[in-house]
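Heads up, the next two complexes both have chain A, just with different partners, chain B and then chain C.
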Partner chain A sequence: MALPFSRLHDAMSTDTYGHRLSVFSDRNFKYLMVAPGILILLLVGIFPLIYSLVVSFQNITMTDVDTSFQGLLNYKQLFRDARLWQALGHTALITAIALPLELVLGFLLAQLFLERMPGRQIFVALLVLPTVLSPIVAGATWRLMFDVRFGPIGQIVSYFAGEPVTLLWTVNPSLVYPAIIICEVWQWTPFMFLLLLAALSNVDQSQLEAAELDGASYWRVLRQIIMPAIKPVVAIAVLIRGLDLFRIFDIIWALTEGGPGSMTETISLYTYVIGFTQFDTSYTAAVAFLVVALLSVIVTLVLRRMELVK
Partner chain B sequence: MADVRISGLHKYYGAMHALKGIDLTIADGEFAVFVGPSGCGKSTLLRTIAGLEDVDAGEIAIGGGVVNDMRPRDRNIAMVFQNYALYPYLTVFENIAFGLRARKFADSEISKRVGDAASMLGITALLDRFPRQLSGGQRQRVAIGRAIVRQAQLFLFDEPLSNLDAKLRDEMRSEIKRLHKNIATTMIYVTHDQVEAMTLADRIVLLRDGRIEQQGSPLDLFERPATGFVAGFLGSPTINLIPAVMDVRGNSVAVRLTSGEMLELPADKVQSAAGSNGKKVILGIRPQHLTRAGRAALPKGQIRVKAVADLIQPTGTRTYVTSRIGDVAVTAELGAHDVHEQGATLDYAVDMNRCVLIDPQTDKVL
Partner chain C sequence: MINRRQLMLGASLLALTPSMALAQAKNAAEVAVEAAKKFAGTEISIVWEAGLQSLDPLNYSGPKWEKLTGIKVKVVEVPTDQMFTKIMQDFRSGAGAYDALNVIPSWMPDLVKAGALEPLDAMVDQFGYRDELQDIAAAYRDNQMKVGDKIYGFPDDGDVMLLYYRKDIFEDPKMMEEFKAKHGYDLAPPKDWKQFSEIGQFITDKMAPKTYGAGFFRAAPYPQYMYQERFRMEGGKFFDAETMKSTVNSDVGVKVLQDMLADNKFMPPGVEQWNFVDNLANFLQGATAMTISWPPYGRWAAGYGSGEEALNWVPKTQVAGKVGYSINPLGRPELGVGFALSVSSASKNKEAAYLFIQWLNSKQTSLERVQLPYTLRDPFRTSHYESAEYRKLWPDAGAYLDTIKLSGEKGLLDLSMLQQDKYDEAMSKALSSLFAGTDPKAVADEMAAQFDAITEKVGADKQKEIYQAWAAKPGAYP
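Up next, the complex of A and B:
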């Protein structure tokens, strides 16, 4: 690795012992070598971001392709847009309920499957199946499950109620959120389960045995031995799922399309609606930037809290 | 304080029969050492006593009560693990206090007991540290501290010194022995190291392939091994095993080596040699019982054998010399300055009073 470079470098330098060409000095040479890669990364990664930032300071709509600088016009609009803040609220609500649910259920399942048992591999594979599905398929599947006329959920509830029960899961305002959260939790709990299963199987067995001999209760073992050991994995899992939940789109699009009204409209749905049904292009760019800013702040705070970036 | 009685103990791992009928009694206050080669079942036996493994048949009683169906926590046992199993996210103090907190001791009692244990083990200065900040020997002390504060009725050690370097191992070995003297609790110690077994034990339980091969005091096993396996396992350097044939002529009984030497056996070594003429045996002689013969006549029972020193390994205190006797390599433990020159011909005095004769078919000592 070092050899061809140093040979090239030697060829470029004027002499081995004295001064070298300043551009190709030892210090700068390495930067020169990685520069093309960095440049491509910047073009691919940063350009769209910068482009949408530029667009957000213009006022492009479906009917108006004026690209003149409009200052903070769109950003001022953000603060007056009640539907935007409601969408953010809906997103936060779904995240706040689904994330802990997935974490707790995933942990319980992982505990259950930690012990060796017959058929363990098959069960784990079956359990992980929902996560393999595309979210839009998961949403469509649950839309069928919740269907009023022939969905199995309604029939099961009716059976236990002893009389026909009509539950309009995707329409009834008090049922839409449960429907979304059921679907979301169904699909993503296995993800938590897998990560936690891996983390739990790495907990030092002899520490657990020592704690058992010491007479520690399950809660004490959980708090003082298991939790600290799996904390890094839990933190990463929560971060990944938290970001995913904040950007939730497919499941809701398949189940309710943000309805009834805009009752289940999340920030991703709202961005889509203003961008691709109202074609309010510049304003959409501003909303997208708001989300980027919000997530950046949250991720930075969380990472710092987790002490992962040191 | 408790004795341990084990009867008819069997343990299977799937198709593997790990313990094949163990009967064992360890007296109150005794220091018992389970020793044997890897896979002999010594750790499994210890773990069944702790309750960390279920037994498939047989009975374990601690302090008179059968504990088969008792959870480990209810057996009042303290255990030191091979990797110490310290809780990495708790300080040394909290590690030692863990069992006391779990059993809801008062704070004042906890700090008193932890303080006592720490000063006994010389780790008072480390109480605020975390396990990752400690050296191997210090971790070992913390693990022992965690065991002693509980004042359990039985102490179990699962190869506690195998992760330490040689010097530290010697040091900790003495400390564990001293600890046993001080607290006089029944202790069971698992090791594959015969030096640890010899130096620590009141009673050695030598296991082989899931069975007890022999048990008894260290010197008993060393001097009167029941089988060739026991003779070969204990002692360092290992015992010399020389193929030979019995040669009985009237009252004199000797063994003939394949190289032709005749070594006469002392009368008290052979109770009845009748009918054993021509029988194949293995002559076991410990390196310590081959000495350098002087010019004077040898004491009764010792036999002069000439051999060439092929390999010389000085250790400082003693020198191990390997020669060919009876067509096999035989090691003798001589004085540090007994031999200097490789290839020199030596006069060995072989102490036949201390030899063992092993039946090659059954591995039993005759």
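Up next, the complex of A and C:
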């Protein structure tokens, strides 16, 4: 039978040395208990980071496993790598367009479904369907939809135009971003919708009724009652989707593979290409640290701005 | 009096006698089978391109080898673009998960430099295979088998680009007459790219939208092979051999890109996003009068293999009996990828792996394999080209084999440098931008910049040595 901790502690406190040990144990016993867990967490969480950091100062490639330190070789290359900065630009562009669209559409849908209506549950379930799909499947589906020969979108446009219209959604530079945004917004607007529907459902009804009795306009109610009430949820939703969009990979891979050329290559695609098809291991580690640094700054700024962390 | 040295020599000769006798009495396939029987009950693994290619070892050669020797064959299917990576990963980890390999020849310098491939010369001699290697067509044997002076792989796939054209259209008297009246020469398979454009435009003008003059695959990564061929045939060089600066943005480079883009005008709408299957489907359905592709198009266009379950995805040909075969314009077609069979240096069962690839690659077995209707292995031996059996497979099979033979003899090698995959990617990206409408000069400049960045990273001196060795091969430049 195991001794209770207090008796174990008493048993250890029999002389002066034991007394000191006892005091030490009193103070540090709790740390001792959590230490193994923290150690494991550190090993699992921090070790890969440290290892990647070390690798980023070497020059390991698929064909060359020289592990000697190369100083800032890879970090200097970051600044000369035009494709990297273009990829970051593409990522920012997609995020800047898709995120507000998803937020606005999600909010409008949530407002629509806030009211009781016949078949509401069925419609909500149908609306949420795209979110449960794997993004690679969503991308592949939309690639078929956009296909110039077999895709329904081209056929519908041609029907209305009255003549065959060739829309190269995955080749034409002016159509390729709209194609990605359409697919992305189609898949992830329901996620925003669900979160905002939950948030709107929890807005204090008595305040809304009081405002209505006082004759407040819809915009005033929205700005002064609804928005403050749902702000924390909106902030979290924007943060989650913003991070997801920054890491966008599957949909673009399925739709364009970053093409034409590198016109739709995002930072995740670029990292994948250099890491897992070209196996520039050390340079990929440097790119990954650049992304971590950028995301850390952005997330910290966003959290402060949204007053989620005080 | 016999001294010790003579005694040793005599003993060695005596020891070698059975295997030499065996080698002389039997062909390479039989030698491999006999020698491999001692490994009965074991299993070897082989990396093979995923998809149709793998049906060869899965359905045919693997089970047959097991029946003959008792050695099981585990086929590891890997998509083409991941094969290099998987092979290197296995080698680097030392796992030895793969015994035999399918290797794209242009990767060989990288794989050999890393030490991932086993040199095969000793086993070639031990198992009497050197004579049969001479039957492999020179384009493949001389260029896709060795790195330096050592054998690292057996060329096993006669990849080469061929021009396919609609004989019924080209031989239509009215079309012939009108074409000659307009252009002053006979309507026939084009001898150069100017003729190709004129013929393509003429047919499109006469027959579109039912049939367009030509169609090509334009989606990455396929067009880069066509680009490599046209660029060199117009006089382009990939690098300055002394400075290793890229010269793909020379005047010739820009002109070739402009011409390739211009060709799209007489091709069907949407050709810019055609891949291998789109191009095949359009040609087989009669929507295009000319195309350039690898040899399987010719077999499938003739209807060979129709009814095979594995080929259900291939559209039923509407042009059987109407397709002619020709060497590409300017007469030096791109060999375009290819496969060689190698042994992994990390293998724990190298001899069994070697014997399997010798048997696969031998005259006897390879002739059976290149006739499998559902796989993509193309004839690559002189004996394949001459095979009476193959020539009876469909009415025009003889002409088909003759064109493959001629094209193979004249074939241009794919560029092969250290980290070739990066140069390939740069070409693919550039062509993708081109077909999206980017200015050809800007595309050429960007490709040159990418080439230079890769060369700088790998090391210009290292690349210079590799490039000069590659450029000295007869199939590198016309």
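Keep this in mind: the second predicted complex is superposed on the first by the 287 of 310 C-alpha atoms of A that agree within 3 Å, B and C clash if a C-alpha of one lies under 4 Å from a C-alpha of the other, contacts with A are read in each partner's own complex, and residues count from 1 in each chain.
As a working rule, a contact is a pair of C-beta atoms (placed from the backbone, for glycine too) under 8 Å apart; a residue touches a chain by one contact, two chains touch by 3 or more.
Here the structure is a predicted model, which is why all the values come from computation and not from measurement.
Aligning the shared chain A places chain B and chain C next to each other free of steric conflict. In the superposition on chain A, contact is made by A:220 with chain B only, not with chain C. Using the contact criterion defined above for the overlaid structures, shared-chain residue A:211 touches chain B, although it does not reach chain C. Of the two partner chains, neither chain B nor chain C is touched by A:161. Considering which of chain B and chain C touches more of chain A, the answer is C.
In the superposed pair of complexes, A:44 makes contact with neither chain B nor chain C. When both complexes are overlaid on chain A, the residue A:279 reaches chain C alone and has no touch with chain B. Once both structures are fitted onto chain A, a short way to say it is that chain B and chain C open up an angle of 150° at chain A, using Cα centres and rounding to the nearest 10. No C-alpha atom of chain B lies closer than 52 Å to one of chain C in the superposed arrangement. Note: no residue of chain A belongs to the chain B contact set and to the chain C contact set alike, using the contact criterion stated above.
On chain A, the positions that touch chain C within their shared complex are 61-63, 65, 148-149, 164, 166, 168, 170-173, 176, 257, 259-263, 273, 276-279. Chain C meets chain A in the complex at residues 81-82, 84-85, 88, 92, 110, 113-114, 220, 269-270, 272-273, 278, 418-419, 421-422, 425, 429-430, 432-433, 435-438, 446. Per the touch definition, chain A reaches chain B in the complex via residues 204, 206-207, 209-217, 220, 224-225, 228-229.
By the touch criterion stated above, chain B contacts chain A in their complex at residues 50, 52, 71-74, 77-79, 81-83, 85-90, 98-99, 101-103, 146, 150.
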